[in-house]
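Letters A, B, C and D name the chains as they come in the text, with residue numbers starting at 1 for each one.
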Amino acid sequence: MTAEELASFRAEVRAWLEANVPRGWRSAMTNAPQEAFVALQRDWFHKLVGAGLATPHWPAGWPGGGRSLAEQKVIFEEIARADAPRLILYFVSLYHAACTLFECGTEEQRDRYLPGILEGAVWCQGFSEPNAGSDLASLRTRAERRGDRYLVSGQKIWSTMAQYADHCLLLARTSSEGPPQAGLTYLLVDMKSPGISVRPIHQITGDDEFAEIFFDEVEVPVENRVGEEGGGWAVAQATLASERGLTLVELSARLAHALPRLGRALRERGLAEDPGMRRDLGRLAARVAAARALADQYLERRIAGRERVGDASLVKLHYAVVLREFARLGLRFGGLPAHRDRGFVRGATQETGHWVLDFMNSYNWSIAGGSNEIQRNIIAERLLGMPREPRTWRLEEEA
Amino acid sequence: MSEYREELRASARKVVEDAGTPASEGAVWPVAVELGWLLTTLPEARGGLGLGWGDAVVLHEELGRGLAGAPLLSAALAAEALAGAENEAGASWLERLLAGEPIAVPLADGALAAEGDGLSGRLEAVPSAAGACALVAWTEGAEALWLIPRDAPAVAIETPPYWDETRAWCAVELRGVPRSAAVVLARGERAARLVEALTVRRALGIAADAVGGGAQLLELTLEHLRTRRQFGRPLALFQALKHRVADLATELAAAEALLHEAAAAVDAGRADAFRRAWEAKLVATAAYARCAEEALQLHGGIGMAVEHPCHLFLKRALLDVELAGDPESLALAVGDAVLREAG
Amino acid sequence: MSEYREELRASARKVVEDAGTPASEGAVWPVAVELGWLLTTLPEARGGLGLGWGDAVVLHEELGRGLAGAPLLSAALAAEALAGAENEAGASWLERLLAGEPIAVPLADGALAAEGDGLSGRLEAVPSAAGACALVAWTEGAEALWLIPRDAPAVAIETPPYWDETRAWCAVELRGVPRSAAVVLARGERAARLVEALTVRRALGIAADAVGGGAQLLELTLEHLRTRRQFGRPLALFQALKHRVADLATELAAAEALLHEAAAAVDAGRADAFRRAWEAKLVATAAYARCAEEALQLHGGIGMAVEHPCHLFLKRALLDVELAGDPESLALAVGDAVLREAG
Amino acid sequence: MTAEELASFRAEVRAWLEANVPRGWRSAMTNAPQEAFVALQRDWFHKLVGAGLATPHWPAGWPGGGRSLAEQKVIFEEIARADAPRLILYFVSLYHAACTLFECGTEEQRDRYLPGILEGAVWCQGFSEPNAGSDLASLRTRAERRGDRYLVSGQKIWSTMAQYADHCLLLARTSSEGPPQAGLTYLLVDMKSPGISVRPIHQITGDDEFAEIFFDEVEVPVENRVGEEGGGWAVAQATLASERGLTLVELSARLAHALPRLGRALRERGLAEDPGMRRDLGRLAARVAAARALADQYLERRIAGRERVGDASLVKLHYAVVLREFARLGLRFGGLPAHRDRGFVRGATQETGHWVLDFMNSYNWSIAGGSNEIQRNIIAERLLGMPREPRTWRLEEEA
């Protein structure tokens, strides 16, 4: 696609979004019940699917599919620019589940699940466990083979909106032999199976967009396995790589578009004439511009096939750091009044202008999906060539 | 360091620990009254112990440690105001306070004006005002210091939804409270001096809350690092994390040292007492906020769930930054003091 | 990314590496002239390559990497000014520049005024002015853009003792240089546009210097960590240090991305080009300064001795922060742009 | 000593200093040659010794000796307040050498060396080595016993003003058996011994207050050994602890007294009306006040015998961090003009108002005497009870 074609595609997407983004969704979603949010997500999902804007990353032949990464980038940028709701409820379905099926699923699995995704089936992800943190290799949920089924028992945590999910992408341990990654197997689990219970996590923000999932001898047919038994780790890597940097292109663009909210906060507190405050706003704006440029550059690199191991960590770490700086400045500009503002916008991001909430939500990026500390390890070891810590490193009394 | 100070610390720690975290107002306040904590800084002539804020801050550190909800800072400020009132105007109210009826003092700068016959304005961040028998506040410019009985006409008390729920935050709206229904505690020069004394001590109290809360949160975090394992070893073995907690410990130690130095300056009536109090509040609340920010990161996902107390410290720490004087104004006041020295 | 860009980078890197660190003016300038680097951004109509600053910044990154002393940024700005001059006023000077006679442009905002018959003022941070054939500068408010021949009357050149000795810093004092001895390159609207173009490109050039210098200094530091041992193991095995270099790499990567984004905005004449250029300069020089500050710490004692090049990067990094627009003013300009967006 | 007596002692010291601090020494020492500086140091040393203010920490019976820690603190505070020159040239003599002799020396050694110190003998310290950094246990300078002498060969670095020294406190390796500390021996070396050469280090500041010392088979009589052979580590600890926190009481007080220099820098650049700048100055002033309070509190703890292991590290780390913040703000307030200010004040500290110089000199506190990183290790492990890294921790290929 030439630069002109891309520009005309952008104009098309922009026009469609201007006509279709639900008017006033931010105020409608402020302090709204979870159900209203789910209804909004459904409507918006079906609109986007109908316009072919939800599945640009699917292969050609599928509705909306066959778009280049450059076109996908345009869509994400325009969604951020239009301040559309984030498609939180369907992200796992459209990206994690679909890409896993395209890359590692069987034809039967694709035929069985992909049409449902387009119709609005909700998927959740069952990777994280309590006490595993960023160390996925240490997962303990077990799947035992019994004839043509697996029996799954264990507990998953931090699963986004699992309470609404129809299916789950599950990473479970089928063996404890060998290196810890080697015993993991990847399963597709029907969330209506007997033995599954879901408990929303009461978050410190008052939200409950994450849930715990408990598996008590849940039967999963062998044909629901993706990849080989013991090959789950590699499949999970494909799942996690599915959004290919697009999310951070969108989020850093949203951060840039949200800067005026800080300006308005200054005005509201009568501080807009203060040069010190205005300079601090300018310094943050420069940092946000850098975060956005880094995310964009990363996607350009992927498009050009020049990505290096560790590049993704640079983008995620930098975004998480700048997001925290944004939230900190919001707290400062918001002052005392921010502390009695419990306004809560569902489906928004971490820069809603409700500063205490935003500050807490900023941890979703510094902890989840590989904490800042993990990203620093990866950058140091994989990108900068610092040596890894020895695997045998234990407390002296344990050694 | 006085022996009383260490006894007070031990006693307060026990009361607060027994009350759990967060230590509820109901569990702490009656014991505090019973044990005579309200008497700490009250002059001996008023039946108090006549001790200084060097001792009092120890108490507020311990209350901060346990995220206590009892309005003891507010009570201490009220006692200071009542004991310093002209014409014994506050004597009967002081008795009620010492008997255990809270009197509330705003912990943030509000906007109160005496207009015509009445007092009007909105006072924010007034702890436990709903259960108090009265409110002590001052008109802008410290022209006069007032006591307004809870049941005076045109007093409306709201409970805004503060993120920090460990303290019972209220806002008080005065919509033309008749002067006749309120008590003037001081006017003119005396009011100015009393208000100065209150704002300086308020800063010490919040700084102490921050020092205590930060220390306790650091302990929780160290415990988490010692027990939580990742990649087959305790987090406490990761040098990057060790260095970060070392930095937190350093900041908190410095904040504590400055707090005690500032309290000593206040007690001695030193000329630099104001500046030290603002500095102590800035440093202590910044250290607490930093500690809380880092603690949440170091706890990982577990800290994001309400079951874990991490967020209670965080929300209190972030609010403390804004109490007892807007931090931007305090920093400006200190900077201007330096500029004056620069001649 | 253009192929030319990568070739330019490779070629510049080789020249600069061959010249050693710091790459001296004498070793780089003649080669730069010979290889046609001065032609990079010159319009094709003027015999240049007509490439954009997206390409030019690559050159300045490489010069920054080698702490090069050659005044190539100054030359590129002079070429821009001469090529954009009205009435072909600068044509003969452009020829002299392309033939290898440096023309100096101040890299900091100076104070030049046209008073009566003469030009007066002091221009700071003018690289290599002592060896230049002329100076290009603008009067305050960008009323006019001037070329002042080196040998014009009342031009005094000093060499203040800048801590950064990798570049040949001069100050130029104009004490009533007769207008007749100077050349007006542009006035009015045209001058304003040219000066805008120069200040934006100057910011890109300094940002590029910072990005290149930071990258090279990070490499030196990584090498030090890999080879230096303490307590029986290489420093590179200490996680706290690994995390710190990871942070530096992240900041530098973001600065580099923003630099290229800003250069693209400038080349495309986008409305946000200014803001991007100021942002790129702020971010890049802050990242370089932070990298230099950390590098000196991570090198330990060895970095405190003049034999080690660490300090050359540090002094250049700290100076870059102050060049191409005072950072406080740039931050204010960006902040005000955000405020305008806030409506 | 009662509080009143202490106050009257303070008044006395203050009066003496007001009368005796060399007038205008800062301008005289700005860009002065090293020799002029040495002359100033000598004069000031003799004046202080004469007034009994140089040796308050020496035992009673010695001139000026027998002062309590509380009195010593008063002297250091008043010296800072009076902005007297720092006694750099004699610090090792008065503190390190004298205290080592008092605590670990023989009577013969004390008789031989202490009177010389009072008369102005200059001592230097030979502990650090190239490639040893903060890891003193890894020292490689060797001392081989030959009858009644040791033969010393090796290289020491970062020795303050060694080019002017008459004697050296040397830590050398007499054995490579056992744990690395165990093979170290402490020697007193005459700097005029054959085989010693001293080379000033050209520092990045342009100064040369540090030097390298080269030992080429230097003969040191056995009677110049302090403590047992192999017992040097413990003696060195006594040396390093000799100033007992007084230096940081002095330096943090000097930092507080130097804050107005930042205010003047703001005025000079016309920024004194800017509320942002003034707030940043205020925030730094608060940090400096905290550094000073921490140093004071530490000394009070020592006086009360309540010092905890690791407390000294808190003070040093915090001072180093705040000093850097001071220097950074100086650079910011100083702006471009600071970069062409090569003014250089000998005998001053790290806050001379020559901001680039001050910034570089601030590393003397973050690197030397146990780097910030070492202090963080000590704080984490000794004060906070975090586990130590295993001693067996090596690169995997080395393990």
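Following the convention adopted for this analysis, contacts are C-beta pairs under 8 Å (C-beta built on N, C-alpha and C of every residue); 3 or more make two chains touch, one makes a residue touch a chain.
Just so it is clear, the structure is predicted and the values come from calculations on it, not from any experiment.
**Student:** Applying the document's contact definition, name the chain pair with more C-beta pairs in contact, A-C or A-B.
**Tutor:** A-C
**Student:** From the centre of chain C, which chain's CA centre is farthest?
**Tutor:** Result for the farthest chain: B.
**Student:** Taking each chain's centre as the mean of its CA atoms, how far is chain B from chain C in angstrom?
**Tutor:** Inter-chain centre distance comes to 51 Å.
**Student:** If you average the Cα atoms of chain A and of chain B to get two centres, how far apart are those centres in Å?
**Tutor:** It comes to 40 Å between the two C-alpha centres.
**Student:** So which bits of chain C are touching at least two other chains?
**Tutor:** 234, 237-240, 242-243, 328
**Student:** Send over the residues of chain D in touch with two or more other chains.
**Tutor:** Within chain D, residues 275, 277, 279-280, 373, 376, 387, 391, 393-395 contact more than one other chain.
**Student:** Which stretch or stretches of chain C touch chain D in the complex?
**Tutor:** Residues of chain C touching chain D: 108, 124-125, 160-164, 169, 171, 228-234, 237-238, 240-241, 293, 296-297, 300-307, 310-311, 314-315, 318-319, 321-323, 326, 328.
**Student:** Within their complex, state which residues of chain C touch chain A.
**Tutor:** Spelled out, the residues of chain C in touch with chain A are 1, 222, 225-226, 234, 236-237, 239, 242-243, 245-247, 249-251, 253-255, 257-258, 260-261, 275-276, 278-280, 282-283, 328, 330-339, 341-343.
**Student:** In their complex, what parts of chain A are in touch with chain D?
**Tutor:** 274-277, 279-280, 387-388, 390-396, 399
**Student:** Show which residues of chain D lie in contact with chain C when the two form their complex.
**Tutor:** 128, 130-131, 133-135, 137-138, 157-158, 201-204, 271, 324, 331-332, 335-336, 339-340, 342, 356, 359-360, 363, 366-368, 371-373, 376, 391, 393-395, 398
**Student:** Residues of chain D touching chain B in their complex?
**Tutor:** The touching residues are 259-264, 266-267, 272, 275, 277-283, 285-287, 289-294, 296-297, 304, 314, 317-318, 321, 373, 375-377, 379-381, 383-387, 389.
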